[in-house]
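This structure is in structure tokens; I'll ask about it shortly.
Labels run A, B and C following the written order; every chain starts at residue 1.
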Amino acid sequence: MGAVTLQNIRKTYEKGTVLAVDDVSFTVEPGELFGLIGPDGAGKTSIFRILTTLLLADSGTATVDGHDVRKDYRAIRSTVGYMPGKFSLYQDLTVEENLSFFATLFETTIAANYDLIKEIYEQIEPFKTRRAGQLSGGMKQKLALCCALIHKPTVLFLDEPTTGVDAVSRKEFWDMLGRLKQQGITILVSTPYMDEATRCERIALMQSGKILSIDTPANIIKAYPGKLYAVKADAMHPLLHHLRAYPAARSSYAFGEFVHVAFWDDQADDDEALRQYLAGKKHTGIVIKPITPSIEDRFIDLMTAAPANAHATATR
Amino acid sequence: MKQLLVFIRKEFYHVFRDRRTLLILFGLPTVQILLFGFALSSEVKDINIAVVDFARDNASQQLISKLQGSTRFRLQRAVLSYPEMETAFRRNTIKAALVFPANFNVDLLHTGHGQLQIIADASDPNTATTITNYLTAIIGDYQQELNQAAGPLPYQIIPETRMLYNPDMNGSLNFIPGVLALVLMIVCTTLTSVAIVREKELGTMEVLLVSPFRPLLVLIAKAVPYLVLSLLDFTLILLLSVFVLDVAVRGSVLLLYLETTVFIIACLSLGLLISNVTSTQQMAMLLSMMGMMLPTLLFTGYMFPLENLPVFLRWAPNVVPAHWYYLIVKAVMLKGLGFGAIWKETLILAGMSVALLGISLRNFNIRLA
Amino acid sequence: MQPPPASAQAIVCHELTKQFGDFRAVDKITLSVAQGEIFGFLGANGAGKTTAMRMLCGLSYPSAGQATVAGFDVYRQQEKIKQNIGYMSQKFSLYENLTILENIEFFGGIYGLSNQQLRAKSEELITTLGLHKEAKKLVGSLPLGWKQKLAFSVAIIHEPKIVFLDEPTGGVDPVTRRQFWDLIYAAADRGITNFVTTHYMDEAEYCNRVSIMVDGRVEALDSPANLKLQYHADSMDEVFYQLARGAQRGE
């Protein structure tokens, strides 16, 4: 029995006209760190709200800790921890007041589960008499996590905890999640940042309410069809134009300082042919190297391959 | 139980840490009561009055010249008949009229009693009261002069006052029950709904729902502080009325508190209902202002006499809880009546409270949508 | 990537400072951005990016230092600055309850485009974005990525000298994010200067030059390639991490 199960969950808004979650099924094992990866509007928040019993699905079934989200919502509410996407603390209460309020709400005390939050709370303890509204983004995020953890939940739901947070705080946050996992808590986390996917044990790539792929990050990367090349030249912008006009290339898109290029059917001399093509276009400083695809490469590949995604067709 | 207490304490933190809420809670009633209080005792000057002199005798001429000597009044040309006077009132060219009956002087000299009529436009009750007071004072002066000149047999001039348009003088002291209804409405309905919707906006409502705390208790925890605060406000207004404006509470204070609690429950239920159907603080504010305060101002009868309502709106006051509360407070506080006189109003108000509470609880969503 | 010829400077600032009471939000920043350059303006939360950007957009007065934007002084010519820049942020961009066409007409109208220009511009814009079928739909019904692309196109509808982009691609899917950068490149090719903030470090690589703010100061300013060299890092992510890790303050 999984810690969290979803079966054929479907959710619409606006009287059925907006499809948010489209026939989604997956299982999260106890103690797993599971990521829902996808852009805004992929349906991540809807799934979290269905699992935390805040919304009812149109159809399908789901359980958390073996409890049905529809019938046994009270049982779920007393065991899970939830951090919504919006900053969800009382701005006019101090750090300590926030924490003790949520502890009482969950019929526990700060002292009872202090060992669980100790490491995180120690970082914000110097500011415990400061009002939550005056904390920095990273500290707010830590306090919200402490509040969600204070009753030692069996399953922790974190909806986009790193959105709008700078790269340094994001790294720290994922380090904290790794350590929480050691305590045996099942963690579901969602994020629009593809580079965070590798921090999870398993991930579901989501787009427009559908799951594009679900597996371990390594397997998802392994499933990338064919070889991928990183290409660089002195004039990057013209390079991108020329690569898009190159008939053998299945897709070409900017990726950091490189352009990533995938081919229709892989040949041994793909890179050499490309080098000649680019030299013919008078490019200098050409670098072409085979690379291991990242989650983002796989996501782009899946997105452009899926014909359902009408508005995601341009990266050829 | 401990959870509920902690929750209620948190609500009080929110209130006491927000200067704007505090201002609405305690500044608003104080300002309202004092403003109305000042308006009540405002100086009256250069008031247009007409004299309808059927007597045309010595005494009437003497009194008229005394009036002309006063800076408070500006005497319009003496009108000759009632119809002329009524036209003047309707055109708003005069605020009051003094009517001398045909045999004023003769009656006064022979019987020692003279009758006079003061007619005032009471659509502005405060001014009407002040005008009649001044007129009565001038007549009193004249009577005293007569008595000093005359022998031992005292003359007595009896002015009879008639209030046009608003015979019950709704509005003079009635602003106190009116302000009570308005302030309680703001505190209970507006502040309560905003307090709940704020949690929705902040995202904390999601966390509250995903906790073992029962959703209904969230509502109770939100309602209790505002119940306490509005009773505090009620006490504040009573104290201000008694000690600043010298308006005594004639009936039972306990009865007043009980009736107020019934009204507060109606207001709180309305607040909860509004918070159920809105998701932003602005919307909640707008809805409670437009939907609740406007009817309170228009239909309780303390700002505008209900007799002046157009026929198709005559039913409206009956469905506004504040109207019934206003009638109850007026009866108990200003007229000193007991429960026997207001049981009907109480029953209607209680019925409304129960109905509203029922609707808002039934509509409360244990989920987000 | 080749930086464009340093013929004209779109933004020049010298020791620009903003002080709020005891708190120095922006601490003597000095930088210049060339006309047509794509400039990445990076920093941790609370480093002072937003405050600096507000001063450059003519929305708030600096406490000290000098700056000119599009050749106009930030103290004396704020109105001139506003006429010559475009602005787009992740939060506010377009009116959700107006249609695409109505939004274009409204913002074009604000910037004083004639009816004829407006017609030509909206036709061009809708064609570039492939929005013919959606032109009469409410903006609120569009996917986020489309909204952001549209918002960018509207922000430069009056062909400003500089466009300020505040986290324009937050939460946008990876494919649309790249289409968005195509629009930025196209604007830069036409000579529009792009001043961009972002939390995606791969996007920092798309910029001609990048500055990284830490605690109100510009700690690094160079091309991504040079910065990686200087900090012995493989990616901009690492460069950013090395610099911002030492930050003392949050937002």
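Here is the rule we go by: a contact is a pair of C-beta atoms (placed from the backbone, for glycine too) under 8 Å apart; a residue touches a chain by one contact, two chains touch by 3 or more.
These numbers come from a predicted model, not from an experiment.
Engineer: Moving only to chains each one touches, count the minimum steps from subunit B until you reach subunit C.
Structural biologist: 2
Engineer: Farthest chain from subunit C, going by mean C-alpha coordinates, please.
Structural biologist: Chain B.
Engineer: Just the chain pair, please, that has the highest number of C-beta contacts.
Structural biologist: More C-beta pairs are in contact between A-C than between any other chains.
Engineer: How many angstrom between the C-alpha centroids of subunit C and subunit B?
Structural biologist: Centres of subunit B and subunit C (C-alpha means) sit 57 Å apart.
Engineer: Could you grab the centroid distance between subunit A and subunit C? Build each centroid from C-alpha atoms only and quote it in angstrom.
Structural biologist: Distance between chain centres, rounded to whole Å: 26 Å.
Engineer: Just how far, in Å, is the C-alpha centre of subunit B from the one of subunit A?
Structural biologist: Whole-Å distance between the two chain centres: 59.
Engineer: Which subunit C residues touch at least two other chains?
Structural biologist: None at all.
Engineer: Subunit B touches which residues of subunit A in the complex?
Structural biologist: 49, 52-56, 73-74, 77-78, 80, 82-93, 97, 100-102, 104-107, 147-148
Engineer: For the complex, which residues does subunit A have touching subunit C?
Structural biologist: Counting only subunit A, the residues touching subunit C are 38-42, 135-139, 163-169, 171, 192-195, 207, 234-237, 240, 253-257, 296, 299-300, 303-304, 311-312, 314-315.
Engineer: Considering only the defined contacts, which subunit B positions touch subunit A in the complex?
Structural biologist: 2-3, 6-7, 10, 13-14, 17-18, 202-204, 206-213, 366-369
Engineer: Name, in rising order, each residue of subunit C that touches subunit A in their complex.
Structural biologist: Residue list for subunit C touching subunit A: 1-2, 43-46, 143-146, 167, 170-176, 178-179, 181, 185, 189, 199-202, 205-206, 224-225, 235-237, 240-241, 244-245, 247, 249-251.
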